[in-house]
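Supplied in structure tokens, the structure appears directly below.
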Amino acid sequence: MLKNWWYCAGWDHELSLGKDALLARRIAGESIVLYRKPNGGVVAMEDRCCHRQTALSCGRKEGDSLRCMYHGWKFGPDGRCIEIPGQERIPQEACVRSFPVVEKDNWIWVWMGDPIKADPALICFAVGPGDPAWNIKTSQLRVDANYRQEIANLSDLSHVAWVHDQTFGGTNAWSTVKSKHTLRPRGLDTETWLRGVPAVRFVQHLFPVGTLVDMCFDVQMTLPCNFIMHLKIFSAGSNTEGPSDGQLLLDTYSCQAITPRDEDSVDYYYSWGASRETDSPGMTDLLHEVIGVAFLEDKRILEAQHQRMKEKPDFRTIDYIHDAGPGKLLWLLDKFLKEEAAEQASVVEG
Amino acid sequence: MLKNWWYCAGWDHELSLGKDALLARRIAGESIVLYRKPNGGVVAMEDRCCHRQTALSCGRKEGDSLRCMYHGWKFGPDGRCIEIPGQERIPQEACVRSFPVVEKDNWIWVWMGDPIKADPALICFAVGPGDPAWNIKTSQLRVDANYRQEIANLSDLSHVAWVHDQTFGGTNAWSTVKSKHTLRPRGLDTETWLRGVPAVRFVQHLFPVGTLVDMCFDVQMTLPCNFIMHLKIFSAGSNTEGPSDGQLLLDTYSCQAITPRDEDSVDYYYSWGASRETDSPGMTDLLHEVIGVAFLEDKRILEAQHQRMKEKPDFRTIDYIHDAGPGKLLWLLDKFLKEEAAEQASVVEG
Amino acid sequence: MLKNWWYCAGWDHELSLGKDALLARRIAGESIVLYRKPNGGVVAMEDRCCHRQTALSCGRKEGDSLRCMYHGWKFGPDGRCIEIPGQERIPQEACVRSFPVVEKDNWIWVWMGDPIKADPALICFAVGPGDPAWNIKTSQLRVDANYRQEIANLSDLSHVAWVHDQTFGGTNAWSTVKSKHTLRPRGLDTETWLRGVPAVRFVQHLFPVGTLVDMCFDVQMTLPCNFIMHLKIFSAGSNTEGPSDGQLLLDTYSCQAITPRDEDSVDYYYSWGASRETDSPGMTDLLHEVIGVAFLEDKRILEAQHQRMKEKPDFRTIDYIHDAGPGKLLWLLDKFLKEEAAEQASVVEG
């Protein structure tokens, strides 16, 4: 998996100082423990004591530090061992790998590669639940599928018509619409306009029967697998290109960070909510509820797919028109994977 | 596993039109989805979309066809793709493997090999619950054992005395009786007479204490692993060979189709019931109840055996006299497996 | 794993004659069945019929013998087959491997190697619940960890201060104390004195606030992994070496036999109790309760450690001063493992 990238390790409120929380995560094949220092800063280190390998997440926070509760070795927030009970000398090599951490948009981001390259500017844009302009609720989910499947799922919204027929669906327009894909250096933007169509099913009851709308799904995906969607619903206007000239009925942001745990599972941290301007009582609860249902719809499909792919790893599949988005983004992923592999090889040779 | 053979995929009532049922099965290492067309016909195809491999059993029946509910590809009952939402061109190779299906004796049979060779005459004889001459009830069971163990178990009924001591047992005659084995082209017939013995334990309370009976177990086994037993109980007669000259007290059929899912588990579809002529109130319920208990007795023994075999795959076992039936049938199985392998090799070379 | 060694198979009361118990165990990678003969003697044999490998623990005790309940083969307590229903001839090789068994200190001990070498004198010293001088209660636990981890855990009690902070802990003295390790031919003795310290936490409420005590942890470990601890608590005396001159407040024995099932799990048979002389109402119940809690504390740490070790089998760990005990005992284990491997190789060559 990609190493020199930011991975989401969860929501900031999971690292509660009140609960003195230690968070154990599996990220890109590594076991990580996270905790919050008294000053609020977040520490991430390998969840493995350098003495006998037991999980530091079974340990105890002591101020800025973390003590392994097997034999009491204590590690500073940089991972360096600062106390070995019963022994004065602390070996130079007694340290646990630590990882750069940044909190942004109420997500905790961990850099899994070379710390020197950990540039916070590389973290994807998002709108967090703390943003005062939006009323956003959060949740999370485990899915037993490979993250490449998630990338493919999220970069082709035509699946909405089928997987989410009872939630986000409600129009056939998904099949024939042309999305506009724009490759970015580290991701893919996809803009999709559905015009003069019924609204997504779960809000249809809010409008008079037969109401048609214009909807804009403005999606920014960033590798490894982060999905930021700005969804706007307008009353149906007359424009067939460019912005809708209808009235803005509902303006929402859904931010989704999907973190590969290993080749067979991901942790999914997601949110949704309406802008303060277009919000109404119960609206964000409705969004929160329906996205929870919809992600179980995805989970069922993706886990079945994952099983089938493991049964026949060499099965030859057939592509079609809507695979353009997934194709571009997986191509970009593979490009970066190859670059990192080449870099790694040159380091080893050097 | 054998490919050019019929495998039982379940009871016909499982494919209810009322429930709009899709059935997902694992048969001989393949994932299969089954559904019933509006005209009642049954379709079986690989449970894997040719686009992105997700399970078609998560899909939706539409008339005769099946739609994958990931991206909406629609497949006719022959597996050929007939609609790709958003794309006019349907590639020639866009099809899912379909399997010949026959319904017979209320079982659904699927042919796992070359469709050209799918001759319904090869399906084993059975007496289904729909046969008006018999009052038969059905059930099913998963057993975590290899199907070769099931073949060996069912082709040597001497195990009845021990495994089923509290159900089908009740006499020591099993140990010393000589069964008559007759190899058929695709299976083995075994006829066993127990004469002047106590009845099988679960019906002993129906007769006066000390009643002796003649019992005939007439078994037809057909590969891969189907077991049809005609059990007749007579009052004890004077004949020591050939048919009993006692009075026919109970005449029953038990039909059992055991389908290997993979090397480690089977699905077991079974039935039992009395002839209308010898039935009495509650009799078929009694048979249905006792066979359910007895198959849990088998399940316990076979699953323990399976574990032990996996622990020591090279353990050298010791044969004895009652292994004749299992020996013949497993020999036949191996012969067909070798033939299919040779055929496959010649196809590959050719 | 070591073969020419005694392994504990459980508590004697588990082989109840009243319940006609058959015990299935996994010991050092072998499946074993144990039962008690009418005269009270215990039989251990491989839990695998030599006919078709099914588990003899699904079988039936018949006097001194054990009958396989698949096809009725009957085995004497020496493992030799003595009856094959339906066949007069009993092949010479029809026998199940049997294992020497000794009951000692209410534990059942099984010798997993060459029976000729099975010397009962090699069984470790212990104080059983049947010893009239002590009031001892027993229990057991499964831990999903490798037995080498258990050896390391038990031969370095400094972990008590951290893992068992809320139970056996209560003093920092563990970190700096010097234990006296004495290697024995088949194990390691460790004597640890803590002087002028608070008592172990779970009995602190029994004494006036601020009470200091002298405590002696006298531990005998014997390979593969047996742990016998004599713990004495005295009022704090003035001696800084040798026996305490304080008053003996509590005198206890805890005996623990840890049996490797396979590379990934152990069965833990343990006891604790006070001497009749220092016992008081509820004291042994207190010991029994707290050791149950403490062993769940160990289980959590060891199972997390086991997971981490499997994730990175080649991870380089760092040793420290308290690894002396584990180092000595694991060195001894490896010495014996090498000796047995060499012996085995010479037998094969010879």
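When the chains are written out, they are named A, B and C in that same order, and each has its own residue count from 1.
By our rule, contacts are C-beta pairs under 8 Å (C-beta built on N, C-alpha and C of every residue); 3 or more make two chains touch, one makes a residue touch a chain.
The structure presented is a predicted model; accordingly, all values stated were derived computationally and were not measured.
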item: Magnitude of the superposing rotation for chain A and chain B (Cα, nearest 5°); value: 120
item: Interface sides of chain A and chain C: same vs different residues, half threshold; value: different
item: Distance from chain C to chain A - Cα centre to Cα centre, in angstrom; value: 47
item: Chain B: positions in contact with at least two other chains; value: none
item: Contact set on chain B toward chain C in their complex; value: 152, 156, 158-159, 161-163, 165, 172, 174-176, 300-302, 304-305, 307-309, 311-312, 315, 317-322
item: Of chain A, residues touching chain C in the complex; value: 31, 47-48, 50-55, 57-58, 67-72, 84-87, 91, 93-94
